[in-house]
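Heads up, there are several structures right after this.
You will see subunit A twice below: alongside subunit B first, and alongside subunit C after that.
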Partner chain A sequence: MNSKNRKEGWRQIKAAFAVLLLLIPTIFVILPIILLATGSVMGTGELREYLTPVFGESAEFIRWKLVPDYPTFENYGKLLFLTPQFFVLFWNSIRLTAGILAGQLLVGVPAAWAFAVYKARGSKALFALYVVLMLLPFQVTMLSSYLVLNRLELLNTHGAVILPAVFSTFPVFLSYGGFRAIPAQLFEAARIDGAGEFTIFRRIGLPLGKSGLLSAMVLGFLEYWNMMEQPMAFLDDKALWPLSLYLPEITWVQAGSAFCTSIITLIPAVFVFVLGQDYLEQGIIYSGLKE
Partner chain B sequence: MRSKRKWRFTWRSELPSKAPSGYGRGKKDRKMFFYRKMFFYRKMFFLFLLPSFGGVLVFVLLPFLDVLKRSFSTAVTGQFCGLQNYQTIFTNTAFLLAVKNTVRFTFVCIPLLVVIGLVIALPISRLKDGAVIKSLYLFPLAMPTATVVVVWKMFFYRQGFLNLILTRAGEWTGLWGEVRTDYLGTGAAFWVLVFSYIWKNTGYTVVLWLAGIWGISGELLEAARVDGANGRQCFFRIVLPNLKGSLYTIVILSFLNSFKIYREAYLVAGSYPQQDIYLLQHLFNNWFVNLDLDKMAAAAVCVGGFLFAVIMLLQRMWDRQD
Partner chain C sequence: MQRKKKILAGFLLFLILMWFCTVLSKSIYTSELPIVSTVAAERKYIEHIVELEGIVIAGNKDPVSSLGGLRIDHLMVQVGDKVEEGDVLFTIDMEDLDEIMEAKQDEIHKLQLQIDTILQNQELARQKKVLEEERAREDYNALARYQDTLVGRAAEGISQVEEDIDEQDGGMSDELRDELQSAAYAEADARWNRDNTIKDAERRVEDILLPENEDATLDTLRVDLSGRQEDLSQYQEIKKQEGVVTARRGGLITDIFVSAGGRTADTAVLLMADDSVPCQFKAVLGRDEKKYVGLNDSVTLKLEGSGKEKDLKVDYLAESETMPGSFDLYINLPEGTGMPGLSGVMTRSETGERQPLCIPPLAVNTSETRSWVYVVKEREGILGMEYYVEEVDVKIKDRNESWVAVEGALDSESKILLSSTKAVKNGDTVRL
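Entry: the complex of A and B
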């Protein structure tokens, strides 16, 4: 009796210990956010005091206070009320991301449906091609895209970023996973009942494959909210740039503005992450499982 | 009389039993139905696939032919020059350096990430609600790159936080003096990138490992325990072999994500970073900006072809696993 209780107690201690050990790396996750949050409420004077060691050639170290001495929202005020560029770029980001996600839904989901439901002679080879295209880094196809966009005269417009991304094969892959999970008997039953193929897609495929679609959307949002290479390569006009490219433009003299912009860029991403975390996980799992 | 209505696939059992040939159940009719069904499915397949594949053709495949053509001509005049561009890139020091760094990064990061992910996933799989911990690990995926880079700069500059912590630790234990390593300006920059990659992608990997671990049927493990296997034997003989499928998946996806590290590298160190982190993507970008399109075309064909071969190989191995 006694030894059983002791064993149970020991196991609980081990479990608690394991949890603690697992929480340690999460400090690395939370720390950046705390730094940014505290930095964004510090005034310019305080920031300069803490940060000049880093950017001058002094012998001191960077200093920081977790609770700032003189907290102030002046940086937020300056950013939100006195910098129109910020809003232009913010809406650019929204426009680009929304455009890309909508396009991917329209184009990629039917393609995923085709791969998942219909067997045709070339489908396996085409799917392998899609996987290869998904895994190629942007720089390999950068030149090809540039040439086409040049010929279509889309360079330096938002279309130059939106169009190639709409035809990306990654959402096809994720939605495919979602559709594969639907049992094929449902389709056969629907066909016996006289449903046409588009009706099956609309009434059965879409509702049941929703998790795959939403995971594609969540992962897509996180990817395109952050995108950097495409706008840099295809958009010359800085007024068309998304928010993700604004930060590097801020010099360290305006460090407060950099922190505020970071936090504000972070908020929609966190929002989508929190709402869609279950779908995100499903998406990661779908991108993993083959069948 | 056969009606001229548009043909539709119908179940054999619903056909009129006394129909004329063409609607009957003879062998020839059955074959015809089979092929009609196949043709119908094929038509539907291409119909649904068309928008996506059309775009892929227009934006990726066809232009790649143009790139192929350019790789055989000079940049400025467009004359045909054979394999000259290929010769140029293979003797170009920047290209060789970039290839070396990219390969080194891939071979260091992927095993590290896979192992760390597994080491973290195993304890979580035994916990009852690892949901909160999983969320915390997944969170770096949501953080925008530019945001993260600001923090990395604060950490890894010569007077940054990391050196501060190390110096204080050194003073406290009396073991070493001031630590002034310039992480971003020396070879240590490579490890900064590795750290950033692992930080960002551990959550992804943990989720995949967890999916694999939880997919192992509990009965197998119970049966093993009944037969007297202890924890270690269970792990090495049952859990690990069943995770082979997940391993292939994780390797491929980590490979994909390893290319994205270019963003952090560019934002932290610019177009011409320290030698050890000069990656292929930096090179391509610089060629692009300088309009060295012929070299870029040749390199794109080489790298694209190589990756294509590698991925097809991995796909083949992956297929054989099932």
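Entry: the complex of A and C
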């Protein structure tokens, strides 16, 4: 009995130690969020005092308080009720992200279905090419994209950002994994039962491969919600910019607004992440599956 | 699944909230923007109209004066009264005049007594001097005679010694030689004494004959006496007229310097406009207005109560002595026009060159060192195309009350800010 209790005690100590060990990096991870949250409710004077080492010539380290001396929601009030520029960019971000994701659903998902279900000569090579394209960073394709968009007279329009992203290979790759996980016998059975190809795609492919689809959408949302290079390269008008480009426009004098903007920018991403958390894990699994 | 629905509902709620805040912030933002009105610059002739209010003054003013120190009994006129020759202007208090005359006579009597005393003293001094002179001369003569006698005696002593020497034969003895020498010395001393004594006596006579020191007291008293006698005669003249002072010629009373019961000063009691000289219109011109009005410039003049404007010219224009920085302007009015005290308005119009950029004065901002206008321009911002104001420095070339001619980085297409619901500064976003 004693031996059993001792074992149980050791197990609890180990568990507590493990929690403690994991807590330290967790604190480091969530520290920026805490800094954002506390900074967003600090007054201008308090922020100036704490941020002087960053923006001034002082060699001191920054000091920070987890609970502000004079908490205020003035920054939120200003941002939400007195800064329409913020909302223009917020809705631009929504428009761009929604447009890209909708386009990827329409283009990328059927492409992934075709790669996963229909075997044709060279399809594997084509898919490999897709994977290679996926690995190319934006900077490599920027010039060619710019020339094409210029020819199509899409520069300085939201189309310039949406259109190249719609044809991104990453959602195809993730959705492909989801569709590949469906047993081929199911499709054969459906065909024998008289189902057409579109019915198979709609009735079998989409419900069973939705994990891949949704993980592609969640990852896509997180990527495009925060994108900076594409809008900077293809959009001149500030009125067309997404929210991710708004922060550099804020001077350090408006540091409170910057913190609030960051917090509010974070909210949709958090919602989407929480909504698609399960699918996201599944998608990551698919992306790791071998052929 | 239920949890996901809740999260989805929360996300939708967040989006609805953001939409609501979008509308609200945009409405607050636009309501905070200054609403401005603009004008475009025009080509215009800048006309300068100088309107000056002034007053008609007498062409010439006659002073009416009286002896100083008299008490006014009744003042029969007031400023603005028109009087004819012989009209009573004011009367002098006769009782007061009698007292003044009595005092004056006393003063004359005192002065006369002082003069008489001085004259008598002078006569006595003269007689005394004559007597002293006579005595000095007598002393002189007596001394001269006595000294001559002494000199004669000394000469006689020498002669006696010489005779003794002649009487001795065989040369002069030492004793006689000493006697002769002593006699010669005595004669020389006698002569020296005589000369000195006579000179002293002569000087005493000369001293007596020297003139006395000059004394102006008598002359001064005589002048005083003469002045008082003259005053008295004038008082007598006033008394003869029973203290009534009348106008020597017709005219308008323009200024009165005393009041009833007060005493007259040495200056004029009142001033009268001379009817025989035409009136003048007087106005005061500021330095800015001076640029557009010069000597001999044609002007129009409208006097109070007169429906007709007159075309006249500026006859006199010079910097005011009482108000440095402003100018006195005079216009000679035609004979029979206006009367002192009437107000009027002088107008002078001058048109300058045609200016390419003329804007209302309200659109021009000025400080001590510069002038500028705000030009409304368009720019692309986060909220789309928006209007903003930009400061443009201008040089004012000419101006009148309605227009300002400017020179600067403007053209006829520029939207120049005329008015704003709020104060604006360079770069501010505005609404039209």
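Observations on the structure shown:
One rule holds in what follows: the second predicted complex is superposed on the first by the 278 of 291 C-alpha atoms of A that agree within 3 Å, B and C clash if a C-alpha of one lies under 4 Å from a C-alpha of the other, contacts with A are read in each partner's own complex, and residues count from 1 in each chain.
We adopt the following convention: contacts are C-beta pairs under 8 Å (C-beta built on N, C-alpha and C of every residue); 3 or more make two chains touch, one makes a residue touch a chain.
What you see is a predicted model, and the numbers here were worked out from it, not measured in a lab.
Steric overlap between subunit B and subunit C is absent once the structures are superposed on subunit A; the two fit side by side.
Of the two partner chains placed around the shared chain by superposition, subunit C is the only one that A:85 touches, whereas subunit B remains out of contact. Judged by the touch definition given at the top, the superposed model places A:18 against subunit B, while subunit C stays out of reach.
Once the two complexes are laid over each other on the shared chain, residue contacts for A:239 go to subunit C alone; subunit B is not touched. By the touch criterion stated above, A:118 is placed in contact with subunit B alone, subunit C being left untouched. For the three-chain arrangement built by superposition, the Cα-centre angle with subunit A at its corner and subunit B and subunit C at its ends equals 120°, in steps of 10. In the overlay built on the shared chain, the residue A:144 is in contact with subunit B alone; subunit C does not reach it. Contacts of A:97 after superposition on the shared chain: neither subunit B nor subunit C is touched.
Look at A:175: by the touch rule set out above, it reaches neither subunit B nor subunit C.
A simple residue count on subunit A separates subunit B from subunit C, and the partner touching more is B. Between subunit B and subunit C, the smallest C-alpha to C-alpha distance in the superposed model amounts to 15 Å. Common to the subunit B and subunit C interfaces on subunit A are residues 246, 272.
The residues of subunit B lying in touch with subunit A in their complex are 9, 11, 41-42, 44-49, 51-53, 55-56, 58-60, 62-64, 66-67, 70, 120, 123-124, 126-127, 133-151, 153-154, 157-161, 163-164, 167, 199, 202, 204, 207-208, 211-212, 245-246, 249-250, 252-253, 255-256, 259-260, 262-263, 266-267, 280-281, 284-285, 288, 293, 296-297, 300, 303-304, 307-308, 311-312, 315, 318, 322.
Across the interface of their complex, subunit C is touched by residues 80-91, 94, 237-239, 241, 246, 249, 267-268, 271-272, 274-275 of subunit A. Subunit A contributes residues 15, 18-19, 21-23, 25-26, 28-33, 35-36, 51, 53-55, 58, 60-62, 64, 106-108, 110-111, 113-115, 118-121, 123, 126, 128, 130-148, 163-164, 166-167, 169, 172, 191-192, 197, 201, 222, 225-226, 228-229, 232-233, 244-248, 258-259, 262-263, 265-266, 269-270, 272-273, 277, 280-281, 284-285, 287-291 to its touches with subunit B in the complex.
Contacts from subunit C toward subunit A in the complex involve residues 4, 7-8, 10-11, 14-15, 18, 21-22, 24-26, 28-29, 32, 380-384.
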